[in-house]
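What follows is a set of structures to go through.
Each of the next two complexes has subunit A plus one other chain: subunit B in the first, subunit C in the second.
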Partner chain A sequence: MMHTLVLFPFFALIILNLPLRVIFRRLSFWVVFALSLIQIFLVFFPQNAFWGTHFNFLNTFFRFNLSADGLSMVMLLSIGIVTLTALLVARQMITDSDRMALFCSLLLIAMAGMNGAVLVRDIFSLYVFLEITAVASYIMIAFDKNIFSFEGAFKYLVLSAVATAMMITAIALVILFSGSTEFYLINYAIRASAHTSLIVLSLGLFLCGFFIKAGLIPFHSWLPDAYSSAPAPVSIFLAGIVTKTTGVYTLIRIFISIFGFNGQSQRILLLAGIISVVIGAIAAITQKDFKRMLAYSSISQVGYIILGLGCASSLGIAGAILHIFNHSVFKSLLFVNSAAVETQTGKTNMDEISGLGEKMPVTAVTSTLGALSCAGIPPLAGFWSKLLIILALWVGGLHVYAVVAILSSVLTLAYLLSIQRKLFFIKGNSEENSQIKEAGFGISLASTLLAFISLATGVFFPFIINSFIVPFGKIFGRF
Partner chain B sequence: MMMEEFLILNIIFIPLIGALVLPLLARVSARLRNFCAFFFIAAPFIFSLKLIPLALAGKVIIFCKPLLFGFNFTLQADSLAVFMACVSSLVSTVIIFYSLGYISHYKNQNEYYSMVVLFLGAMMGLVFSANLIFLYLFWEITAITSWRLIGFFRQESDVFKADKSFLVTVFGALLMLLGFIMLAQQAKSFDLPIIKLALTNTPVSNTALFLILAGILSKSATLPFQTWLPDAGVAPSPVTALLHAAVLVKIGVYVFARLFGATLVLPQVLHLWVPVIAVASAIVSAGAALIETNLKRIIAYSTISQIGFIFFGLAVGNETAITGALLYILMHGIAKAGLFLCAGIVEQNAKTKDITQLGGLIKTMPVTALAFLACAFSVMGIPPFGGFFSKYLVFSGAIQSGQLWVTAAFFVGAILTILYLFRVFNMVFLGELKVSTAKEGSFTMVSSVALLGFLSLISGILVWYPLFFARFSALEMLGFVR
Partner chain C sequence: MNIQVLADLWPFMVCVITLFVIGFYCLIVTLNLIRALIGIEILIKAITLLIIVVGYVSGHSALTQSLVITMIVIEAVIITIAVGLVVGIYRKTGSLDSRNIRNLKG
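And then the complex of A and B:
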């Protein structure tokens, strides 16, 4: 029945936009709301018949194989959480009901695309679902229809097109030497194949394509523009989950399910990861606009995920997967906070805003938690995933990488503290701030929920890994 | 679950959970919140006292919940841990009582009480942790609370200093974490009892030792990481007393004792280097205290200087010196908290921290002046005040071990201590009355400092009890018990 995770959003999309749309349009918020809640709920019951039963009936129409392992489950959970967050924030920020319905439709398309991408087990369907997601996100970035958002969307479109061309070429090569698109058949073919140069070429193309999609340095130039010019709910959605699914998840997937690791690819991953971690953090420190700062922070954090993957050990991959989840929570949280500040003050330049701590207590407290989680300060969630990644690096003998990665946390903390200091911590100008009040219910609810998840995952992490994550995801035993 | 384990869990989790509950209680009433904040700190103190008989019986309680990746939640209550828990919760209890008066007319009281209570919970967790990962976890929670509390007054310069202290201590802590990982890789475990067994006869890599030492020095504000501590004086006075004089800076000392005394045999390189670092730290900061004119910065420099003595005692590593160092933690905690709290009263009532603008306050605030004097005598090491015995034991142990030159240098440090404390007392309390409006602080504040001054004296007169406890802990650390 996993097909329904992909098909229901599509059905919903069609129903909501058919001739009766005038009636159904009002429901669109609740439809997306329900779908994402159900998705979150289902992930917590991995033993449920939902994940096991197959409808032959459906398979005759939709011939793609789906299966959910631990990685897919974590991704589905993150997709559910971030979609819900973006939706709550959008409800607050998009007042026009037509545009809200449009936004919900786009969310549905992206959701279907991402659910498909994390569940499929053949490379061509993966590509198709990635494109579905990407198309929806181009439109979402340009949603405000102003010059900046078009610029951001255009940059993303052009660089994604390059990535797409690389991916499709790589897929063609894969078909050439393996004669199949199924992950496991390709994997057999790679182990048996003599076409080593073709394999290397296709892997290289895949890597470049996904590096662009994930926004790793030096393929990152689209990312800060896209994140900062998009409307707030879209930034949340993009930073929290879209780039993580289209770039990072796919990277992990092609390594663990198709290509496997070898010394060279591992070195490329480690190098790309560490460069992104350091340069991303340094670039973030120099930013004045907090949305751009968060965008560079995203690049830096994705670097950590790639470092974990580059360890090529189960510990490292576990850390990477956990960091994807944590990152989707704390980065969405920070973007929700930035949405709150942006709506209430109308500014995004940190030097022009101060002293919001008194006026917006919920935003201040939750963003502190988000920032500490992002910087990897215990007891928040981000600490554990970074710890696993650094532990994996060290145990794997990659000492230099471990040292650089651990010290970059100080840089991370430095730029996040500067946001905290300028926006919230310092006493503000009381005249300027007299009109400012806490952001509305939707935004506050979203930030409170995300902060709670970040804190709870962190505090109870040692206890939940035994009883919850391990059996539910089988993350740690799969590799 | 045994009674003792239940006690330890209570000591840790009452304040940790209490800190989250306090803002909710404040919705009911501010008085209830204040009362509960006091309770959440006093309860761990009482429970810690209840652990003393067990600790003195030589019984080590270990509570362990095994978890994945070796991140076991292991707690261990040996006499060193119980000693430290008693000292920190005792001082914290007095300080929170003082806070009831001091903080009552400032904004953001919810945050204040939450953070102070959270700090004590993290401190207790750190003291009892016998797993390196959890040690690090609690260590960083104390850094978070310290960050929020230093920036409590929300001025731009305060917040910069808060960020600075956060970054410095986190930088040190991350180095330490790296050292922990190296240590754990060598011993194949993060649990201290297992590390102790695994590494008794194998030398630990020097890199790991120096990384851990960097973390410890950054937390204890010792050279070369000392600069954040004087800056942290912008915090409210009870906070400076709690975090930056009596309890937080002792974390580094405690972890030093825990790792290099109670777990590993003190490695030769540290035996060589730590006294040198400590003496440099003690003399340089004593010199700084001698020329500084900001009251709180003087006391902060004095803290850095005194921490040097404690490190010295621990690094000398014989029974007498370790006993002295542990006793020093207690005596310095009480006395330095007293000094900071007195400074708080002076600052709040005279509206300035500049000692050149103060004078003659003994006439208008006699109790504070006497308490200040008692605490200062203790820090100077004048008999029969408590500080005398700890300083004497450290020196005596050092001479026993033959470190004459370093001891002589520390003797200079001790003389400087006497000089700068008399200078402060002279300029603030004696002479011509310059700020005539200054009057005695509120009842809770004055009674707190009076209590600390009294404790400084009585702990010297009845030194036998804490001395016995400290000596027992030292013997246990050195492995003579069991």
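And then the complex of A and C:
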């Protein structure tokens, strides 16, 4: 039945774009809405028959092995939440119903691609689904058809093509020493074989490819351009889930399911993570544009995830996975707030906007919650995941990394609170601001929902830890 | 099958590596957007050839042939979208020079 998570978006896409499009055009919003809600709903019931039953009939037509473990479940949940958010914001911001139908179709393609990517257990199918997601996101970035969005999309496309080239070279080397593309067969071959040089080469190529896709620091140049030039709903979608699935999830997956950890790969991960954390935070402080600052902040937060992975312990990986979920919630929330500010004032430069707190109370409150969660302030969700990562670093004897991670957290707080103060708290020019009112219903609903999730995950964390973190320890116990 | 076998197939490997270097060089040096896309194409062709050679060496020709066909389809989709973006840039700026698209600073 897991095939339906991939196949339903595709069938919906085909049906919505049949020649009778005029009739279906108005339906497309509700189709995506229903699919993402169903996906969120299914993840909350892992004992459901949906995850267990297999239709042999489907397997004869679509021969890819799918299976869902804890990591896939968390990713599916994040995909559902972020798609829903992007959809709600798009309904507010894209007024033309033709363009809205187009956007819904692209969302469906990206959703099918990401659902496939988090469920497959075959390295070549993983590549295919990543490309499906990437293709949809190139078109989405260029959705507004202005010169900036074309530029952002083109840069993303070129760097992503290089990443893909590296990834396929690595797949070719993997086929050479294991003769297969299935995860578990490759894992057996790696444990048994003596071709160390080939294994190291293929792992290095995979790492480079996924570092480009995740936008870690030496390879980050496309990321701020793509995020800041894309229309607001697309920024939410890209920052919240697309780069996390195509870069970070795949990185975690190849480590835990295929290659396993050794001292050298662990050192590379830790180094890449800590450089991204520090330089991303420093670059974010200097930005004038709201969305570019959030993009650099995103690089810095991805660095934390990679640091957690680099610990190579079950605690660290659990922290990394929890941070992926939290990041997709609070970064989408901050991008929703940036969309609200952008629609109401028409500007994204932080120096030109001030004193919105009185006019836009919902945006002000939710963005403060998002910023505090991002910086890791205790009752909120971001605190717990950062705590787990830093604890894992400390327990693993990596004291220097732990201290630098804590200090960078202070930097995060500095830049996020400075924009909160500039945009919302200090008194602004009252004549300029007199026309401004709260953003529409869709954006307010999305930001309230996300702020609520962020708060609830943090406050009820002691209850979640038993059903969420402890199982991860069992899954990854073998490494 | 190990790296020694690949070394025995040196004519193929020379082709693969030459194509790879040409593609990468083209991508880095050129200022023309269409040429950058040609560079990407050459890069991916090199890897397609590598996968076929790998299938031949390791005796999994059937697997690699199906992979190569899938790859060619995906590559065609990517290049179609890339050319669409280039057409869009040309309509906005009136040239194909990549120096015109440096408005955003990494």
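Rule of thumb we're sticking to: the second predicted complex is superposed on the first by the 466 of 479 C-alpha atoms of A that agree within 3 Å, B and C clash if a C-alpha of one lies under 4 Å from a C-alpha of the other, contacts with A are read in each partner's own complex, and residues count from 1 in each chain.
As a working rule, contacts are C-beta pairs under 8 Å (C-beta built on N, C-alpha and C of every residue); 3 or more make two chains touch, one makes a residue touch a chain.
Keep in mind it's a predicted model, so treat the numbers as computed, not measured.
Participant: Contacts for A:F154 in the overlay, against subunit B (first) and subunit C (second): which applies, first, second, both or neither?
Facilitator: In the superposed model, A:F154 contacts subunit C only, not subunit B.
Participant: State whether A:L407 touches subunit B only (first), subunit C only (second), both chains, or neither.
Facilitator: First partner only, subunit B.
Participant: In the three-chain superposition, say which chain, subunit B or subunit C, touches more residues of subunit A.
Facilitator: C
Participant: Of the two partner chains, subunit B (first) and subunit C (second), which one does A:G440 touch, if any: first, second, both, or neither?
Facilitator: neither
Participant: Contact-wise, after the overlay, does A:G204 reach subunit B, subunit C, both or neither (first, second, both, neither)?
Facilitator: Neither subunit B nor subunit C is touched by A:G204.
Participant: Let me test your reading of the model: by the given contact rule, A:N146 touches which partner, first (subunit B), second (subunit C), both or neither?
Facilitator: After superposing on A, A:N146 lies in contact with subunit C but is clear of subunit B.
Participant: Pick out the shared contact residues on subunit A: the ones touching subunit B in one complex and subunit C in the other.
Facilitator: None.
Participant: Given the complex with subunit A, which residues does subunit B contribute to the contact?
Facilitator: Residues 67-69, 71, 73, 107, 133, 136-137, 140-141, 143-144, 151, 153-156, 159-160, 162-163, 166-167, 170-171, 174, 177-178, 181-182, 185.
Participant: Report the residues of subunit A in contact with subunit B in the complex, numbered from low to high.
Facilitator: Going by the criterion above, the answer is residues 315, 355, 357-358, 372, 377-379, 383, 387-388, 390-391, 394-395, 402-403, 406-407, 409-410, 413-414, 417-418, 421, 425-427, 462-463, 465-466, 470, 476.
Participant: Which subunit C residues qualify as touching subunit A in the complex?
Facilitator: It comes out as residues 1-3, 6, 27, 33, 36, 40, 43-44, 47, 50-51, 54-55, 57-60, 63-64, 67, 70-71, 74, 77-78, 81-82, 85-86, 88-89, 92-93, 101, 103-104, 106.
Participant: Given the complex with subunit C, which residues does subunit A contribute to the contact?
Facilitator: Against subunit C, subunit A makes touches at 124, 128, 131, 134-135, 138-139, 142, 145-148, 150-155, 157-158, 161-162, 164-165, 168-169, 171-173, 175-177, 179-181, 195, 197-198, 220-222, 224-225, 228-229.
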